[in-house]
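Letters A, B, C and D name the chains as they come in the text, with residue numbers starting at 1 for each one.
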Amino acid sequence: MSVALFYALAGAGLFSIGLHALLVHRHLLRKILAVNVMGSGVFLVLAAMAAPNAIALSDPVPHAMIITGIVVAVAATALALVLMLKLTAETGQAVLPGREEENS
Amino acid sequence: MTTSDYLSAALLTTGGLFFLAGTFGLLRFPDVFTRLHALTKADNVGLGLTVAGLALQVDSWAVAGKLLLIWLLALLAGATVSYLIAQGALRLGIRPWKR
Amino acid sequence: MQTLLFTLVLFLILNLGVGMWRVLRGPTTADRMLAAQLLGTTAVAILLLLAEATGSAALRDVALVLALLATVTAVAFVRRTLPYSENANDDE
Amino acid sequence: METLISWAIDVALVLLVVSLAWRALASTDLFKAIVLFIAFGLVLTLVWVRLNATDVALAEAAIGAGVTGALLLAAYAKLRATSPDAIVDRAGGISGIGAISLLILILLVAAALGYAVWTLPSDYAGLGKEVAANLDQSGVSNPVTAVLLNFRGYDTLLEIMVLLLALLGAWSLGITIPRPEAAPGLVLDTLSRLLVPLLILVAAYLLWVGAHAPGGAFQAGAVLAAAGVLMLLSGRELPAALATWPLRLALVLGPATFLMLAVITLILEGRVLKLSPEWAGRLILIIETTATISIGVTLTALFMGAPPGEEDR
């Protein structure tokens, strides 16, 4: 197994951990963190694919895509945080409404 | 290996030990104020010795200057942040640990 | 020399793992944040060692940016989440 | 020995990064989750370094471990001020049979992803050769900057628009939580007086060095944003005179310049953002400089939340 493959598998693992947390937790701040972890997992797979072995020339296109992704992620995170605060100001709770009957 | 290489290796190893000491203090000390004390040892001395050891290796003054800048920055940040955290901890109502 | 540098890098990464324990344990927010500060400084040292070991000078820039931004995060913690006046009786 | 240590470093980093992510998403205390997430970004920076993605490491150090952390901490504080009840994360979205079947489903997804990654062709050459062959046409010698600003400039144009849109979205929600703050005090004031000029200097350095070494507009913009955030944190609000049109101008400077260049190249060269080799270097520098200013101001404004001057509405 190459180093790159090892990191790519870790990226798949991070994505799965994030997906699980996204579905299991109800608090929106936790969901925002979960989406960020999922994104990092995807970036890790991309970066590992940029240098599949030590001999090959490192591919700058995935690196540029990851940088774009990191910036989009921080913008989305900031917007999501404001949306969460707005919802909390309206309802007093930082969870999505509509599930109360099931979880009472 | 030359004399400066041995000196550099000694400095780097000692720096690593200070990081270990800092981490150990962080785990073992009883309250936030004493832990801050441990933290600043790693911050200032550990990073300082590492920077000193690396500065002996580099061949240009510009790189040595950048290393020094990073260390000075860590000194400034460490001192300020430790002060602010200690002040905040007092306001939180945490009393310093007494034997 | 290479071997020593890489060994130190490994040693400091293991240190990071131990420091994580204090973030997990707390007990106060201040404890967690100061542990994060130590993680930041350790990461700076790792980057500087890697810069020397791999001959990649750009890693020193990464270390510089990390040191600067870790400070700003710590100030954000102190100013935003800690109580702001002597008589404030905030929880946590 | 060397390879053994090298492998040990990689294994330790992966274990650390995965356990940090797992603990950040599983801990019941939200503040702990945020600090662990900041540590996750820190370790991820080291992972990018190990994967020879220094440009990405720089972006992660500035954004992932820095700006995102400050944003999360500020949001946590606002959440606590809005409703102390809301920072308690009650467990139990799903329980019992549901939780187990979900776990099985996620494990299946993980196995499928792992298999897909495992069977990816390892002799895949990528676009490294093509980029290297055309690098001297791009106006810069850092391949990542060449891809970002020249070969795939339209991606970056859209990305800067996304940043602006996110700010417009945040502003339109008008979240205003008044928070009385103590005077910064001598120590914090001195720190910000020393650090803000240094941050601006480092931002300019990253912008300049991005042409031939890791660096560039996004990293520089994030460092500039850190300067803005630090000024806000040490009690220096934006003067009212600057909060009106000068702020708006700074926000659209980057996107507008980029868009204008896209239109001009479409008319003159027949293709969006096709930069002719003899002008490319200068044009990239102009785009990057304006983009750095706009990214820095936009991220700072996102940290503020509400448009300045409307906090007391």
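The rule is short, and it goes like this: contacts are C-beta pairs under 8 Å (C-beta built on N, C-alpha and C of every residue); 3 or more make two chains touch, one makes a residue touch a chain.
Fair warning: this is a prediction, and the values are worked out from it, not measured in the lab.
*Asks:* Looking at B-C and C-D, which one has the bigger number of contacting C-beta pairs?
*Replies:* Greater number of contacting C-beta pairs: C-D.
*Asks:* Per the centroid of Cα atoms for each chain, what is the distance between chain A and chain B, given in Å?
*Replies:* 33
*Asks:* What is the distance, in whole Å, between the centres of chain B and chain C, each centre taken as the mean of its C-alpha atoms?
*Replies:* Roughly 11 Å, centre to centre.
*Asks:* Can you check how far apart chain C and chain D are, centre to centre, with Cα atoms defining each centre and the answer in Å?
*Replies:* Inter-chain centre distance comes to 19 Å.
*Asks:* Residues of chain D that touch two or more other chains: which are they?
*Replies:* Touching at least two other chains: 6, 67, 76, 188, 191, 195, 198.
*Asks:* Can you tell me which residues of chain A touch two or more of the remaining chains?
*Replies:* Within chain A, no residue touches at least two other chains.
*Asks:* Mind pulling the residue numbers of chain C that touch at least two other chains?
*Replies:* Answer for chain C, listing residues that touch two or more other chains: 29, 33, 35, 57, 64, 68, 70-71, 75, 78, 85, 92.
*Asks:* By the document's touch rule, what are all the touching chain pairs in this structure?
*Replies:* By the stated definition, chains touch in these pairs: A-D, B-C, B-D, C-D.
*Asks:* Which residues, counting only chain D, touch chain B once they are in their complex?
*Replies:* Residues in contact with chain B: 187-188, 190-191, 194-195, 198.
*Asks:* Show which residues of chain D lie in contact with chain C when the two form their complex.
*Replies:* It comes out as residues 1-2, 5-6, 8-9, 12-13, 15-16, 19-20, 23, 27, 29, 31-32, 35-36, 38-39, 42-43, 45-46, 49, 54, 57-58, 61-62, 65-67, 69-70, 73-74, 76-77, 80, 84, 179-182, 184, 188, 191-192, 195, 198-199, 202, 205-206, 209, 213-215, 219, 222-223, 226, 229-230, 233-234.
*Asks:* Under the stated contact criterion, what part of chain C meets chain B in this complex?
*Replies:* Residues of chain C touching chain B: 1, 4-5, 8, 11-12, 15, 18-19, 21-22, 28-31, 33-35, 37-38, 41-42, 44-45, 48-49, 52, 57, 60, 63-64, 67-68, 70-71, 74-75, 78, 82-83, 85-86, 88-90, 92.
*Asks:* Across the complex, what residues on chain B touch chain C?
*Replies:* Within the complex, chain B touches chain C at residues 1, 5, 8-9, 12-13, 15-16, 19-20, 22-23, 26-27, 32, 35-36, 39, 42-43, 46-47, 50-51, 54, 57-58, 63, 66-67, 69-70, 73-74, 77-78, 80-82, 84-85, 88-89, 91-94.
*Asks:* Write out the stretch or stretches of chain B touching chain D in their complex.
*Replies:* Of all residues in chain B, those touching chain D are 73, 76-77, 80, 83-84.
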